[in-house]
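Think of it as A, B, C and D in the order they're written, each chain with its own count starting at 1.
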Amino acid sequence: MQTLRLGLIGSGFMGRSHALAAHAVGLVFPQPVALVCELLADCEPGQAALQAQNLGFRRSTGDWRALVADPQVDIVDICTPNHLHYPMARAALEAGKHVYCEKPLALAVGQSRELASLAGARDCVTLVGFNYARNPVITLAAELIQCGELGRIHHVRGTHVEDYLADAFKPGGWRTRRAQAGLGALGDLCHVLSLTQRLVGEPTEVCADFQTVVSERPDGPVENEDQVHALLRFTGGATGTIECSRMAWGRKNGLTLEVSGSAGTLYFDQERQNELWLYRSDERGPEGFRRILLGPDQPDYAAFCPAPGHGLGFNDLKVIELRDLLAAVAGTAPAWPDFAAAARIDAVTDAMARSHRRGGWVGVSDPAAGGAGGNSQE
Amino acid sequence: MQTLRLGLIGSGFMGRSHALAAHAVGLVFPQPVALVCELLADCEPGQAALQAQNLGFRRSTGDWRALVADPQVDIVDICTPNHLHYPMARAALEAGKHVYCEKPLALAVGQSRELASLAGARDCVTLVGFNYARNPVITLAAELIQCGELGRIHHVRGTHVEDYLADAFKPGGWRTRRAQAGLGALGDLCHVLSLTQRLVGEPTEVCADFQTVVSERPDGPVENEDQVHALLRFTGGATGTIECSRMAWGRKNGLTLEVSGSAGTLYFDQERQNELWLYRSDERGPEGFRRILLGPDQPDYAAFCPAPGHGLGFNDLKVIELRDLLAAVAGTAPAWPDFAAAARIDAVTDAMARSHRRGGWVGVSDPAAGGAGGNSQE
Amino acid sequence: MQTLRLGLIGSGFMGRSHALAAHAVGLVFPQPVALVCELLADCEPGQAALQAQNLGFRRSTGDWRALVADPQVDIVDICTPNHLHYPMARAALEAGKHVYCEKPLALAVGQSRELASLAGARDCVTLVGFNYARNPVITLAAELIQCGELGRIHHVRGTHVEDYLADAFKPGGWRTRRAQAGLGALGDLCHVLSLTQRLVGEPTEVCADFQTVVSERPDGPVENEDQVHALLRFTGGATGTIECSRMAWGRKNGLTLEVSGSAGTLYFDQERQNELWLYRSDERGPEGFRRILLGPDQPDYAAFCPAPGHGLGFNDLKVIELRDLLAAVAGTAPAWPDFAAAARIDAVTDAMARSHRRGGWVGVSDPAAGGAGGNSQE
Amino acid sequence: MQTLRLGLIGSGFMGRSHALAAHAVGLVFPQPVALVCELLADCEPGQAALQAQNLGFRRSTGDWRALVADPQVDIVDICTPNHLHYPMARAALEAGKHVYCEKPLALAVGQSRELASLAGARDCVTLVGFNYARNPVITLAAELIQCGELGRIHHVRGTHVEDYLADAFKPGGWRTRRAQAGLGALGDLCHVLSLTQRLVGEPTEVCADFQTVVSERPDGPVENEDQVHALLRFTGGATGTIECSRMAWGRKNGLTLEVSGSAGTLYFDQERQNELWLYRSDERGPEGFRRILLGPDQPDYAAFCPAPGHGLGFNDLKVIELRDLLAAVAGTAPAWPDFAAAARIDAVTDAMARSHRRGGWVGVSDPAAGGAGGNSQE
């Protein structure tokens, strides 16, 4: 059995979640490869050593460049602050490593496209951590759509609204600084675009409106948007709206998606992540939405639990994600969203930012802007 | 006690609902005036006579112009197909009558404005039947906002989505003909704009996207839109989205509204019309949305039932609406939405149509378009 | 067309609700008979005259015995405090009138049975006002069960829990006095037994536990139960639980019912009275409960509104109830629950009280206790 | 740091869940001890070796008695079929090991009590795996009750209803055999009693009704109950109902609990395991149940995720449970439910079985029956 050695950069919440997944994936899913937690990098050698012990890694380093260059590392796993994703991923690809990177892939779409090209050229497997998109409930939704249960899709309504900066007196931190975060609410919460990509496809035109609701916080001015509202038109003819907000009091993980087609409607709400609501126009008897509770009919749930209604949590989704990465490295199935797919998501957020600046509709693949590779909020 | 005599034009579902309200209003709410069901007009004298008997009206006529001119009629109540609202309301105002008219007030905003002016000039009381806006739950929402429970509003998300034409093989009927219906889904389902008007105020700029999903139905081409998605900016700084659809499989009366401000969030869903969801950022203890069930603390509910949880239905909302009209005629309180308010709603739908044609943002009060009085979908 | 003249005794909330129904029933449902609001009785002539005017009755009287004896009255409608139901209903039946009586029919099952016998002997039509049982959603549930969609029923869980006396410092009033109210929470909230009677049939054995949680209130000792929990066994083999409480903080009209059989499950919650939840074991595709929203496929809803999702309220249910009474008087369909059916419900509550006193299982039709006709809480 | 060595018996679904927890616990919660996955026993040496490799254990054995006797094992973890729990736990205690055992602890209350005594005598730490009771939502509920937010508890309604044997044509397997399973639905689903024990305390008297709905299945007669309904009286005065069923079509993990007191009500539903519903009678403004979404204010959630709304799943609950066991072994906090607590739960199920046989109320601690130690369904 092939052995793959993981090199993890970053050991905060997300790094720990990846470590949990690395230890669990082989127990949950029969693996074609053996995964070894080889090397952990953190900004400081002492901290790295401590965390390597805590998280079950063999070795540690205080220098991420050493990790990237380490011949004992097959997969570089990037769990650092957003603005470091691009340089780390680039270095890893240049070193010929497979790369698993948390979202967003980069702060500008040009960088994302560059990384995607590089990955293609080097034949490296890549995956971006859009967690929620791996939910077996979303997999079920995708299957239902592919089987034609909704017919031809004509409508999408997506939200990802939270309240983590709803309090105007809360410091904004790095999230409100353009240099560190790039986009604001849209950058944080573009998960909704990964769901639409998986279920509906690519938007071709967007028209967006950005607002910075609280322009000044205790730690200084807010440099990016607090909420975004956007109209979208998709390949295939569907249209709809997307909304992201970090100012939506009471919404804790308000990642919702409603998709309607000629034959039915699907609805999902991440706050009740083990449920999918399905309406089919051809049901027998009194009509209504059906509340489907995740159960072992879905293989990615069955791997965790043979009985329905026991529920998956966030960390379980990371296990599924890692399983997909390993399968791609082993060559048994492609991984999604790879850097190319993530660059297409970034192209949408970039187009939204352009649309806001121009005050109207823009094409997602608009070459004039997309090629610039500059800061998308300029 | 003053006696007011009602003249009802139209005796279909909506006419009957108004008749029910006319017989009930005095029993539910102590009235400053006595309401008499005086005269009923329908297109044909025999039908009118039969319906007058069925619906408890004293007299009948096959000629609505006779009703409008009748000196024994104080209030003209218009429950006819949409394209007849304007000529009937104009004739009634010209005859100096108070007018209660179902929505939409007219097929073009110019006509709505003309009627509003005429009502002002003649000092006639007017009211447009935006049913759901009278729900005591919405009244509670308005009170909470007015008391500052949400703080400064920065976000609105409204939908009114249904599935009455989701089946592509269903004939479109008059609703899909521009001459009879004017707008399509937006015209039918602009109720959501009456809610936003009441709770948040007036939009100043809009950017909308219209789609006719099914262009051809068994009874001919579809001449207006099946679904609308729009971005809005409101006086006061709030922004948000509005969506209307007659193609949303499974949604039966999907009139929903979410409003967020600096201190909290409100959520309403007409399919569960006796509930309001409230999140306040300053609650004691573990936070969460509170599900408020309509009860006798709300006077407009208490008038129907002294105990909570018994529920109001659609026809009850019409009783409240009529109560408001009678109060306005008696001079004890203004009625809302009167023709001026309805014209402002029509200005928004008109602006959305203009936005769609232009492909970008437009001002709601854009004089170039508003003054034309032409068909807003031209 | 036959004319039926209604004599209403009592003009509180419930009397007014009956009056509203009397004025609306002919508009909502095509009637085989004409209903006239003939005579209203209240305890005092002046009040009666005022209320007759308010509620649209032709004449009034301060003496209910005069109403019962009035030859111009065909139907006696009893909306008075509970302890007056029995003497009034008996007098009305002895006068050969049809009788429409609010629940409970009497304070002791012996009295209920006496009234049922008398009604049978005099061939009078009777109906007891168990409001919620007329909900078209319950009618749909009954149809689904009758069509075999649930298979053979083996389980029932019913609750009717509210919080109107949850506050220990609130005076109990007449509801806590045995002479006026008879039973406490169980008497008030035995609606749940009317639902089970309609959907599942008759319990044959019960085992109940009564508690008086607050034994002393500001206005004196509490003489009857605050909450009741009971086990039931039904004809046909189903078993289950019933619970009533007036101490369930937060529950406003917590009338719920879950019924399971060999092929599926139904769930209803009166606080969301326009919905029914249905699970069928033979559905195609991913399984789940279906949320059915009341719509015009149900005739008793269609009579109010041709479009789905508009919702019925409490007062609408009274219109349906009155329609059933009039149909029974006209001879087109039997009314349910008539006095015989209500006596069977009272037999169940009586058996529960006996069970509590004995501390174990009792038969519902136990002749030793049932024949006594005494106060069931003795 | 102290090292504790785990010996796992059984490697089915539950064994794997324990293994996942063993690998994760140190990453999620800072541990006072180091946990090593030392030895895995399965019925056959080859299978044991394979599973030891799959689940990350150092050594394996085909003989559970060898594991129990192994000096390198500190904690014996029992994840075998129900009828083996008792002999294995006894042997482990006799060998002086700490014991972590899946529920039910034994098939007869006498055995459970014997094990509890033995654990006390040997000073062994014990824990029984009642998963759902470790949910941080339940911990929050317990804290709210302890802080007096509900006042004095007077009512409990608990259910654990599922549909795993609702299909009458499905073989019953070991679950329907008394020798292997002991009780039926009540034994499987007595989780609801662990929740009531944690939140409300001990029942003192019960009155239960058992039914075997499907007496004969394809693989033979059904020897234990399909559904149980019971009345309970608790120390402290609360009363209520408990219901367990394996025949409740559509209910997948219908573990629900509603608790009411003099000041409020709590509601929990395992199918939405990241939510708690709270009603407090002293809230400001319009009243209603509050939907609390699990978030980092709860430490046992924060250990998994610093942001709210991400959700925990079943396997996460096992990590919390194991954390508690390790803390008890390290002496920093007692573990619950230990064998003594589990024996009290078994005493309740035993009392329910006695109640059913006797046909009435029985005391939970009834010495005549409790001491027998015989099969509780005799």
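We adopt the following convention: a residue touches a chain if its C-beta (ideal position, glycine included) is under 8 Å from a C-beta of that chain, and two chains touch if they have at least 3 such contacts.
Quantities reported herein were computed from a predicted structural model and do not represent experimental measurements.
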Pair sharing more residue contacts (C-beta pairs) when B-D is set against A-D: A-D
Most widely separated chain from subunit A, with each centre as the mean of CA atoms: C
From the options A-C, B-C or C-D, the pair that copies A-B, where over half of the contact pairs coincide: C-D
Inter-centroid spacing, subunit D versus subunit B (mean Cα positions, whole Å): 55
Geometric centre distance via CA averages, subunit D-subunit A, whole Å: 36
Touching two or more other chains - residue numbers and ranges from subunit B: 280, 287-289, 293
Residue ranges of subunit D in contact with subunit C within the complex: 154-155, 157, 159, 166-168, 207-209, 211, 213, 226-227, 229-231, 233, 239-241, 243, 245, 247-251, 260-265, 279-281, 287-289, 359-361
Subunit C to subunit A touching residues, read off their complex: 140, 144, 149, 276, 278, 280, 283, 285-293, 295, 297
Subunit A contact footprint on subunit D (complex, rising order): 13, 16-17, 19-20, 23-24, 26-28, 54-56, 162, 164, 252-254, 270-274, 293, 295, 304-316
